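Have a look at these structures, which come just after this line.
Next come two complexes, and both contain chain A; in the first it sits with chain B, in the second with chain C.
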Partner chain A sequence: MDLSLSTRTVGDRTIVEVGGEIDVYTAPKLREQLVELVNDGSYHLVVDMEGVDFLDSTGLGVLVGGLKRVRAHEGSLRLVCNQERILKIFRITGLTKVFPIHTSVDEAVAATD
Partner chain B sequence: MCAAKRGTERPSATEPGAETTAPAPGAGAPALNLPRQRQDTADGPPALNLLVVGDDPTGVFTAPWFQDGGGPRIRVLRAGNLTAAGRLLTDDVHCILLDLPDVLDGVRHVLRVAPGTAVLVLTDGTDDGGAAAAEAVRVGAQDHLARAEVDAATVTRAVRYAVERKRADLALRKLTETRLLAQENRRLERGLLPTPLLEGADLRFAAHYRPGRSRALLGGDFYDAVRTSDGVVHAMIGDVCGHGPDAAALGVELRIAWRALTFAGLGGDTLLRTMQQVLVHERADDEIFATLCTIDIAPDGRDAGLYLAGHPAPLLAGPGRVPRLLPPEDGGPALGLLPDALSVWQRVPVDLDGEWRLMLYTDGLIEGRVGAGTQRLEQDGMVRLVSRLLAAGLHGDALLDAAVTEVRELNGGELTDDVAVVLLERTGLQP
Partner chain C sequence: MPVSFEGEAMPTVELLFSAQPEHVRTARLVAAAVARRAGVDEAALDEVRLAVGEACSRAVGLHRSNGVEAPVRVMLNEDEKSFSIEVADEVPGNAAGSAPDSGADEAADDEGEMGLAVISGLVDDVKVIEGANGGVIRMSWPTP
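Right, the complex of A and B next:
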């Protein structure tokens, strides 16, 4: 199982589309992608998790690390997720209070709170 | 083990201080561009590349190669000094021969820049030179040979021997490092998985821990259980996100902090807040957080208080009751995620009543695969699995062993993540 990543920009937002499984083996790839985006000056990220089949605590750590990085530049990291089993992980760990979670990329891009 | 890092820069034909007797394929082309394990010529035997470093005052290494018998022949590359040698040191160099005034410094330098390459030293045959050569072998050279003895047979044999011996040394070192890592992991495991201190408590304790697929990725699962002097039994299970020795070491620290704070009389929100402070100060980077489930059981064993910090809820079972998860998702955040002001952990009262079994676990138990697709066991699957084992009459260690074994089998082999499971039981009470 592997992780797929693709990025595109919509206005000042960078959409990171993630597919596959984010676990201890693949999480470093996602971390590199987020670090690279921030280093290149993309501070408003939308991580689209709709294609994610699995997310473990290492993956959660990478998302938290990404959020801390963009916040250091007054940026934002929004998630797009409708999958109950992934949402449940965010609820259990308390990350719903950390990440704005949206039902669509359009909604995340339009959000300004 | 770190791979040897070496400059890959190829010398140009005009590189000052670096000369090579390898034939240049054409004017302006790099003078040396040998692939690894290159076959020397279409019909010749494979060659070992020997880099001779030094002035070579007597000109014994002017020949482009040495050959003796049918084994690999020795191709000679030459560099006037260590700086020039650095430019020629590619992965294609199998052995380095040092012919330098301060040979010990030379050996140390070469071992630093090319830790995977065999090293020979050339001596001038004097007593002082012999002593220096012996010392060179002690600090890491494979062998030494005397200038007067240099001929095709000696050089060929010395280089082949040195290369083989270096391979053996590296293999041994790798084995030792693997053993040390395993010992280190075992030490950390012992710190993560203590003996519970439950003397006088009217309940039974069982625990099961299994490291994940890769021993090198020892996780940060930890648990503990203690009884304080007021008769309350405190049990805890937690998980530091991430893997490796840093996560495991942090897990040990958190477990010991929990035990110390519990004995000091702290509990609930205050304890979690203090644990969060410890974590924030001790973690290696901002990504790290930890989940924790802690439960305090009243001395009479009839009720308890549960706190969840980002951790999956425990399973409650017992004679005559359907196994169920305790309040599923209304816990507080994992430790280290939110600033103190936003971190709130609520006590969830649990009515235990009579006889019961309480199972605490880490996410390794619910994240295993089910079949070849993307499906995972998850909490619901785990509850069904454990219910079935309970219905079959299993309890204590046997229950935990069977549950973890079955989760592994469903996963189709060793789980990626660590698994820790703790079982507290209060059953078989005298009327």
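Right, the complex of A and C next:
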């Protein structure tokens, strides 16, 4: 399965819905999407990963890169994920401390720091 | 010249693929299919998939940043009590911890190191072997 991406806005948040596999081949597409959003002035991103079947370290690198970009504009990058297999990768890399991870898009949209 | 490996027996399944990111997914699928057949616990198949993907992504990155045109080699071995995977690159001097000289492709190197970190976090039995012609990441999982 390839990567699917779609975006929508809710208030001042931009939801990026990701589906499929994020790996060394597809991660550049996600990176482009995040860069484009930030360049267009969307600094509060919610990446919905509920449709993601596979995530590797290349994908993690892209998410960290996205976080760095939005933070440069005092923005935020929140993740939505309930899948144990994906959450495990964030845990073993210590990235659960870096990303706010929410159980639903609604929760992520409502969240403030 | 391919790296030589301990044990002379032919691997159960051997896969050679050109060092292109799009083929890493194929390696994951093949590895998971052979692991399942070998009797690796269903719960560990996600680990197999991720670990082999990380090892292959790292090898692809090394080949590409060093201009190596040789394919990446994946050996899948079904032994009596275990299932093992070896992913071999043909870039000498890149074992874990060693600093590549050029620094020209630092991002790719960083990703490779993150990949190794993920593998060590995931797999209990993992070895990084540095050979004269390149490195090998060897991982194994118990089978019933």
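Please note the rule applied: the second predicted complex is superposed on the first by the 113 of 113 C-alpha atoms of A that agree within 3 Å, B and C clash if a C-alpha of one lies under 4 Å from a C-alpha of the other, contacts with A are read in each partner's own complex, and residues count from 1 in each chain.
We take it that contacts are C-beta pairs under 8 Å (C-beta built on N, C-alpha and C of every residue); 3 or more make two chains touch, one makes a residue touch a chain.
Computed from a prediction, not measured in an experiment: that's the story for all the values here.
Set side by side, chain B and chain C differ in how many residues of chain A they touch, and the one touching more is B. Contact with both chain B and chain C is seen for A:E21 once the two complexes are overlaid on the shared chain.
Of the two partner chains, both chain B and chain C are touched by A:G61.
Contacts of A:V98 after superposition on the shared chain: chain B is touched, whereas chain C is not. Common to the chain B and chain C contact sets on chain A are residues 21, 23-25, 54, 56-58, 60-61, 85, 92-93. On chain C, the positions that touch chain A within their shared complex are 21-22, 24-25, 28, 46, 49-50, 53-54, 56-57, 60-61, 110-111, 114-115, 117-118, 121-122. Of all residues in chain B, only 212, 217, 239, 241-243, 285-289, 291, 308-312, 329, 331-334, 337-338, 342, 363, 367, 374, 376, 378, 416-417 touch chain A in the complex they form.
Contacts from chain A toward chain B in the complex involve residues 1, 21, 23-25, 53-54, 56-58, 60-62, 64-65, 68, 85, 88, 91-95, 97-98. Every residue of chain A that touches chain C in the complex is listed here, in rising order: 21, 23-25, 54, 56-58, 60-61, 85, 89, 92-93.
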